[in-house]
Amino acid sequence: MNILRILLIFIPVSFIAEYMGAPQTAMFILSALAIIPLAGLMGEATEEISFYSGPRVGGFLNATFGNATELIISFFAMKAGLFDVVKASIAGSVIGNILLVLGASMLIGGLKFKRQTFNQQATEISSSMLLFAVIGLTIPAIFTHTVAPELLTTRYEGLSILVAVIMFSIYLLSLVFSFFTHRDIYSVDHSQESAAKWSLSRGILVLVIATIFIGVESEIFVGAVEPMSEAFGLSELFVGIILVPIIGNAAEHSTAIVMAVKNQMDVAVEIAVGSSLQIILFVTPVLIFLSLLFSPMSIIFNEFELIALIFSVLIANRVANDGESNWMEGIQLIAVYAIIAGSFFIL
Amino acid sequence: MNILRILLIFIPVSFIAEYMGAPQTAMFILSALAIIPLAGLMGEATEEISFYSGPRVGGFLNATFGNATELIISFFAMKAGLFDVVKASIAGSVIGNILLVLGASMLIGGLKFKRQTFNQQATEISSSMLLFAVIGLTIPAIFTHTVAPELLTTRYEGLSILVAVIMFSIYLLSLVFSFFTHRDIYSVDHSQESAAKWSLSRGILVLVIATIFIGVESEIFVGAVEPMSEAFGLSELFVGIILVPIIGNAAEHSTAIVMAVKNQMDVAVEIAVGSSLQIILFVTPVLIFLSLLFSPMSIIFNEFELIALIFSVLIANRVANDGESNWMEGIQLIAVYAIIAGSFFIL
Amino acid sequence: MNILRILLIFIPVSFIAEYMGAPQTAMFILSALAIIPLAGLMGEATEEISFYSGPRVGGFLNATFGNATELIISFFAMKAGLFDVVKASIAGSVIGNILLVLGASMLIGGLKFKRQTFNQQATEISSSMLLFAVIGLTIPAIFTHTVAPELLTTRYEGLSILVAVIMFSIYLLSLVFSFFTHRDIYSVDHSQESAAKWSLSRGILVLVIATIFIGVESEIFVGAVEPMSEAFGLSELFVGIILVPIIGNAAEHSTAIVMAVKNQMDVAVEIAVGSSLQIILFVTPVLIFLSLLFSPMSIIFNEFELIALIFSVLIANRVANDGESNWMEGIQLIAVYAIIAGSFFIL
């Protein structure tokens, strides 16, 4: 964490640069560098708060605040009308969590331990939910792509809202499932991994301050996306699906890898799969609801995103199936991610 | 069952209405209301006959007569030249059985029992067969959609007949498999669930009479589909894939849910998966063979149906995999169904 | 094996026929008949060498030489500019191994034994690798098909090379995985199945000679493909995806079925899945690297091949999942293959 803390220097640096009218390319890099430690701080604060409020409420907080970065970045992108970047970053977050976060955890953990096992039952429930969620999320898009464009009227915004309502209801019901009716499945023993380093009030303070700063930096970051991608000849799709999620998922990446190295593969898998689930069931519907304030955003992903999403979820289900991991599985996940990223970069 | 029996009143009502030249919209609703209790009676009669002829022969009868409603409805639709409605209702039956029948069973059963388990081995065999069957069924369609339309000649009717012959052969061989060589896998103990309420002759009589009446009502129903869908502005696809199968599957719905509430999830899963299997391996080839008497019907589903079929079968395989269910799984299945139905309705 | 040996007579027959300028149709059949026993001899020689060099090195040799036929046939086809035939035969080999080789093994083995079990852990690792490999292999193609053709520049040859480099690296790392870090998983006990019939030097001699002759016959075979398919009105795609792989996989077919009849289903499954894996991770990248010597071959499969590949790999994962097989599973795999072959033939 100490290395990440050093990057906090980029918060004042980025403010000064913005004030002095630095070129957008510089602002893109500076704000990204400032967001990384802020995301890490938010994750740390959530973990500390969890210590006081108990693992169950803590899990909920972690689940809700963990994706706050993505939600905030996406909100500002949506406000700026960059709908394609928002949808690309939703797809990219899911793909990145499953392929890159999980792959890196399995590879690095697998270099230390020959075989790592995880709670097969909990992972199967999460990965089943992920399969259902991705299928639900992609059906309207797939149907839309097979319909002649001239037949698509405004009615199809209604479809996005319907899906958002269903997804959000599933999210609320999943909280009932994991906090009340089936809480025994999810009772992962977190006692080994942490003890409170902070007081509760400090935890809440850090969380609030980090959220404010991340909001400001995100607005700078998104403002720089378009000129930056032009400057480097990168497609908006590549930026949205690869670069933005890597920054948005910084917290997940660091936590999952640390857990894997501690041989707590359970937690690493839950972070990757659970975070993906939450992006689909919570972040996406909330963004669609918020978009109604400006101009409605549809849930219709493009073919690239659909394919990448469906393949990722098939892989997650396969990985969850055997309940253990090794370095080779990690490399394969990263390899699939590299091929996807390479395709987006080249095409 | 008693509630269903009351609906039998709609048989004479629909006959009188038809005679008096009632509007097609009214005939659609009246014949649908008459079909529901008839389907229930057919299921009940088959179950009673099973008691006398033993579970093995009974299973075969149930498998053959259980989908009689669909076969009869589809036959009259096919005779009326409504090929698209027929194919939509084949796809819709499979989707409805897997997502709606299974989902409702898991939800309602899951509200009463925290965890319900089912025979993993039998379900795995059924769901594997379903995967192979759906892949076999959809390959010609997918290939056809990627070929330029002008290249498609009459030769491609030959492909439908080839697939029908292969599917029907698999159906016959699956009977050899489950009745002779591997009968031990399927020896579900039905003793708890029923005792004969009827005599054998009464069972056969009810079955024959219900089949005759359902035939007549189906002809009325199909005759009213086209004007009805125009009157309500519903697409033929929506009617075929959502409304027709819900009526055709009325028997499966009621039986599966009753079994789930009795904590016999095994039977509920077998009804949903087995009925889907039979639609693909028996009903579909028989319809294609019969279509040769009028004008050949192809097996080429449209993209919507293909996607819904493939996703449903992936979900069925996933659900079968862990050998247990809970209310949350039921809700997710129903949610996917709702999104599919919503997409068909809106698009 | 003795029956196969008789076919060796077609080596001199094909040479004489080629010398006397026999029609291409005759040369196609004669060279195919000569390749079959040569492929069998190569397999046998590799197995004998394995006896001396130990199962681990033997496995590597078997893995490397087992697909030599395909590599040689494909190399000459590629040199002749028949890129579509090469890609079709790569896809066809994978499909044929999974559906036909595995299906025939399960059917013929299942007729003798009611249930055959196999090492679930090793099969799960192989079939997971196959899933990742096929997804990696198909992503560039799927992405390319969704991009408007005019946007595709020479940059997309770079994508093929990137994928080839990644696949080949995964291949090398998988050797490290199975020979060094996780060798215990793969320690199948081969002791029962064979004892050396040949001396080591005889084994090596047979291997080298068979490789030379198969090279010559392959050049004749490929030279006859185009005129032959015109003569019989067969599409190049059908020849490439169905006929060429059946000949190229002759060795795998015979070995896997023999193993299944000996109730060594483990070995049969490993041959089918392992051989498919090697075609994707070794043969395909090597062909792409070699193509740079003439004119670069892309890795972009057509839609037919993609669908058949993805479905095959889903089936392989399903089959691997339950760790046992029976005759019905074998029939279903063969039925899916028959529908694919029928579709390619008719369309």
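As written, the chain order gives the labels A, B and C, with residue 1 at the start of each chain.
Keep in mind that, in the parts below, a contact is a pair of C-beta atoms (placed from the backbone, for glycine too) under 8 Å apart; a residue touches a chain by one contact, two chains touch by 3 or more.
This is a predicted model, so every value here is computed, not measured.
K.L.:
Any idea what the CA-fit rotation angle from chain B to chain C is, to the nearest 5 degrees?
P.N.:
Superposing the C-alpha atoms of chain B on chain C needs a rotation of 120 degrees.
K.L.:
Which is it for copies chain A and chain B: same residues on both faces, with over half shared, or different residues?
P.N.:
different
K.L.:
Just how far, in Å, is the C-alpha centre of chain B from the one of chain A?
P.N.:
40
K.L.:
List, in ascending order, every residue of chain A touching at least 2 other chains.
P.N.:
Residues 321.
K.L.:
Enumerate the contact residues on chain A facing chain C in the complex.
P.N.:
114, 302-304, 307-308, 311, 314-315, 318-319, 321-322, 326-329, 331-333, 335-336, 338-340, 342-344, 346-347
K.L.:
Quick one: in the complex, what on chain A touches chain B?
P.N.:
Within the complex, chain A contacts chain B at residues 121, 124-125, 128-129, 131-133, 135-136, 139-140, 142-144, 146-147, 151, 155-156, 158-159, 162-163, 166, 169-170, 173-174, 177, 181-182, 317, 321.
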